Amino acid sequence: MAAVDMDQLLAQIVAEIEPQIGTGSVADYIPALAAVDPAQFGIAVALPNGECYGAGDWTKPFSLQSISKLFTLALALSGDDESIWWRVGREPSGNAFNSLVQLEYENGVPRNPFINAGALVVTDHLAGVFGDATKAVLDFLRTESGNAEIDCDEEVAASEEAHGDRNLAMAHFLASYGNIHGDVRSIADQYVRQCAIAINCRDLALAGLFLARHGLRRDDTRMLSPSNTKRINAVLLTCGMYDAAGEFAYRVGLPGKSGVGGGILAVVPGRCTIAVWGPGLDRRGNSVAGVAALDRFTELTGWSVF
Amino acid sequence: MAAVDMDQLLAQIVAEIEPQIGTGSVADYIPALAAVDPAQFGIAVALPNGECYGAGDWTKPFSLQSISKLFTLALALSGDDESIWWRVGREPSGNAFNSLVQLEYENGVPRNPFINAGALVVTDHLAGVFGDATKAVLDFLRTESGNAEIDCDEEVAASEEAHGDRNLAMAHFLASYGNIHGDVRSIADQYVRQCAIAINCRDLALAGLFLARHGLRRDDTRMLSPSNTKRINAVLLTCGMYDAAGEFAYRVGLPGKSGVGGGILAVVPGRCTIAVWGPGLDRRGNSVAGVAALDRFTELTGWSVF
Amino acid sequence: MAAVDMDQLLAQIVAEIEPQIGTGSVADYIPALAAVDPAQFGIAVALPNGECYGAGDWTKPFSLQSISKLFTLALALSGDDESIWWRVGREPSGNAFNSLVQLEYENGVPRNPFINAGALVVTDHLAGVFGDATKAVLDFLRTESGNAEIDCDEEVAASEEAHGDRNLAMAHFLASYGNIHGDVRSIADQYVRQCAIAINCRDLALAGLFLARHGLRRDDTRMLSPSNTKRINAVLLTCGMYDAAGEFAYRVGLPGKSGVGGGILAVVPGRCTIAVWGPGLDRRGNSVAGVAALDRFTELTGWSVF
Amino acid sequence: MAAVDMDQLLAQIVAEIEPQIGTGSVADYIPALAAVDPAQFGIAVALPNGECYGAGDWTKPFSLQSISKLFTLALALSGDDESIWWRVGREPSGNAFNSLVQLEYENGVPRNPFINAGALVVTDHLAGVFGDATKAVLDFLRTESGNAEIDCDEEVAASEEAHGDRNLAMAHFLASYGNIHGDVRSIADQYVRQCAIAINCRDLALAGLFLARHGLRRDDTRMLSPSNTKRINAVLLTCGMYDAAGEFAYRVGLPGKSGVGGGILAVVPGRCTIAVWGPGLDRRGNSVAGVAALDRFTELTGWSVF
């Protein structure tokens, strides 16, 4: 696809997936998310040169949720420090994203950094390196997007903490295996707060550009080696979509990370990042309209890793 | 990598991984495989134009084993008949390749076509379409490689059948859920026989070329649409390496399928297929020298899907 | 309870549980059982001296099903040969009665002799000792009850065999661990046929009397030592009622074994055996009316092991 | 056994099991318990009339640990309030005593009150009724034994709390299903403290007498109906010995509850209670010498429930 008219392409995609906007179910276990109007949709594409295109509700903030796990992993690996892999695996989990079962069978080493248990371990690692993991994520998102206003949505954070027993169970369980080093409640709190960050499609696509730029940040300083950047993309492809990683690879064929806020960040290495947002989720927790839009995007551009 | 001198590249790779040749353990649950000399290694690369390069023991036959699952899946999807997906999923399994546990939790629908349960279902589908699944696979391998001598190793087949209780258990279990339609013993027999096919790296690389040629066979007839070809590559990447799919994607970054005979077939879409063989296996059942060689290959060529 | 008028007691029990007769669901996975009229109920009590009392449909034959597992275990232990315990455990299973999952975790040693996997192993042991396990069970039932007409219901046996993939899966799975020594199909067949034995409450209560007589058979020859008889009663109490052993111990407080044909055989050591039959099952596979009748029996007599 | 000379019997038992005293492993996950000298053994028998006999180290205190679960259950059921059964099951668990796995499959309802998860729920119930569950247990033990000195061992309590992540994980996990109503940390704390109670064989045998006296306390006031007393004995028999309940029922044939402090309390309904203590544990967490002594006791007296 020699020259893509991005504005036209995104408008076409929004039009084509219109019937799916508003379908699916809004995440209901976090009260503040349950109140979001499902009939919204946004898409943004960022190019390696920093240009950004968008359509629909692409400048409206939504809850980052598990997409934060991609940024915490990247920060943990920054400077090509690979020590995090001693504490977390990189195999698909084959189970629901918050299962304690697998953790027990594997003696406290989470299968990958994108299940909740794995993200708690990565957060603990970041807390050790940066002091405050949430602040480290916020700093990164603000710098890369150029939007200093990005912040936690305190209402969402409070809403999650009020229902945080499952996270605390997981964190104490990890600690019982020696795989949380910091204070359990503080780590669980930082984990919840980074999930509660509000961001829009434009800023999310820009913040993820280092994955399409072989590890270079916006200011051309190197965050990760090309080799480690490829590797994060590999982990995204095999583990990034909860228990639907295989399905997403099959249909869309791109590395991506989803969140129950309805967002997905996908990467075409060397070409672009795509951020989509639609609050209605399928039964595996991925945005119905978001997956459909990415499916159309790869179909229309022919851009796929395979 | 504008122009690769393949002969030189493959010689360099064989030299570099020499210390790993002979390490690992030969599969010991199939007596005929346990007798194979581990100190062997071969590699072959086939280009879309049909050229084929090789080094080491690349013309020495080895046991195809689970790599056959890739060909049975492709044959099941040929003509873009997607009905097989009603009977088998495409999610990574997160468990050992021959586990009955997951099958029970998922009511008789195997997680993907590359675990043994899934391959039995695909074999049953092929038996319904072609009459004899093993013959269908043999015909395909012979035609694509141009080697009419490819055949089952009867000693290996007999060796596996003598220890076939686990396969029969799985097949009867699938039948109890209505997910085997043919005669259970015959299906299990066809499954064992296709695993027992002996092939060398050269022929294997050539036989897999349709995956690098967007679905076109050697004679330029279409086997699969470009879209379904991509999709098989996606399933290979997420599920092709037993319980080490994530690790292989992370280190090598290519779609691939391994077998306990020590072979691996990997695909660089649009560029080439690579077949490697080394009998020594790691604890997940993948060739130690084979994975190392593919790791070097992607490092030296820069060819990766990410 | 100094002197019990058994006839009056049993009549009272039948009257009291009348509302529950016909409730529950008839086993539907065996077609020949699915056709049984649920509105039937029988109860029989056998005393150590051989006297037998009954009420309701107590002379009407029903399908023995899993109650046969009690007799195969007793026969395996006869002469106080305890070698069977090398091949099967005696812990409650905590899972459905036909689960392959637990078997996999425990490397082919079934948790206890009353889950299907355990019963297959016991059947295999009997086949080794007696040649034909079904015949051994039939001989025992006929001798102890004095009814030479007891036999397999060929329609039920054929009905089960037609749906026998699960049993064959289990038997091959056990064989893959070396825990079936005979021919897999023959052992599975003997297992199915002993389950298909038709018997009535009277004959069942008499056949079980050795458990209330400290191991003595009808003719006062010793089958088991008092110690091994106690032990079978202990295994019955902890494992005899599928996944409801705890509930049955709690409510009824007697060793017992149930079958999906709707029968239950319970034991009051030193005092009597009680056989009940009602085809309607609860969700764990135990007779609704049968459990209710045994609950009333222990309440009215005060006979309980606790 | 018309008249037992208890003193002589207990002396004989201590002599016979002497070779097993000091064998097994002391619980090592609680530092304060790991320091206990394994070469100790005590046994006490209490009769319904309040007489108490003992031998060996029967007046030396040890850590109550999981035996406390028996008293919390009895207190929860006192006055025949059966509401606790809405929140906890009574089936054997078939898994290690502190497994989160089963809890997840059963949606937050523990299988029985004697696994850790179940005991946390019972403790939460007691905290709601009595304010402080530990105090309620202490009051009961002191009154029934007549020993007002019984108390928590603060060193053991501190030792457990320092390693309490697993308990907190479990408690938060239960809370995430709504099955802990009080403050999670306070409930976990009360749970740990009741396990840390120090008691000797004499006092333990006396405190458990209500189970042999059909529900009557020392002062002849009724704690439980005869029927509910039987039922606790039934739960003890099916679930009281961790994952060795079946084995203990088979060998010993009595309701009993063990703790990793090396104590076991067993009941012969209508006849006596027996408390044994030996710190060396088998791989399932039960006292090696204690089980052996109870085995001899039932063999020599002929007292068994079967």
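Remarks
Chains: A, B, C and D, in written order; residue numbering restarts at 1 for each.
The rule we apply is simple: contacts are C-beta pairs under 8 Å (C-beta built on N, C-alpha and C of every residue); 3 or more make two chains touch, one makes a residue touch a chain.
By chain, with names taken from UniProt: A, B, C, D = Glutaminase.
This structure is a prediction, so every number in the text was calculated from the model and none was measured.
If you take subunit C and subunit D together, no chain is in touch with both.
Ranked by how far their CA centres sit from the centre of subunit B, the chains are topped by D. Note on chain placement: the centre of subunit B and the centre of subunit D lie 55 Å apart, centres being C-alpha means. Measuring from the averaged C-alpha position of subunit A to that of subunit D gives a distance of 48 Å. Among the residues of subunit A, none is in touch with two or more other chains.
The part of subunit B that touches subunit A in the complex is made up of residues 89-95, 102, 111-112, 227, 229-231, 233-235, 237-239, 243-247, 249-251, 253, 255, 269, 299, 304-306.
Taken together, the subunit B residues at the contact with subunit C in this complex read 99-101, 104-105, 163, 165-166, 168-173, 175-176, 184.
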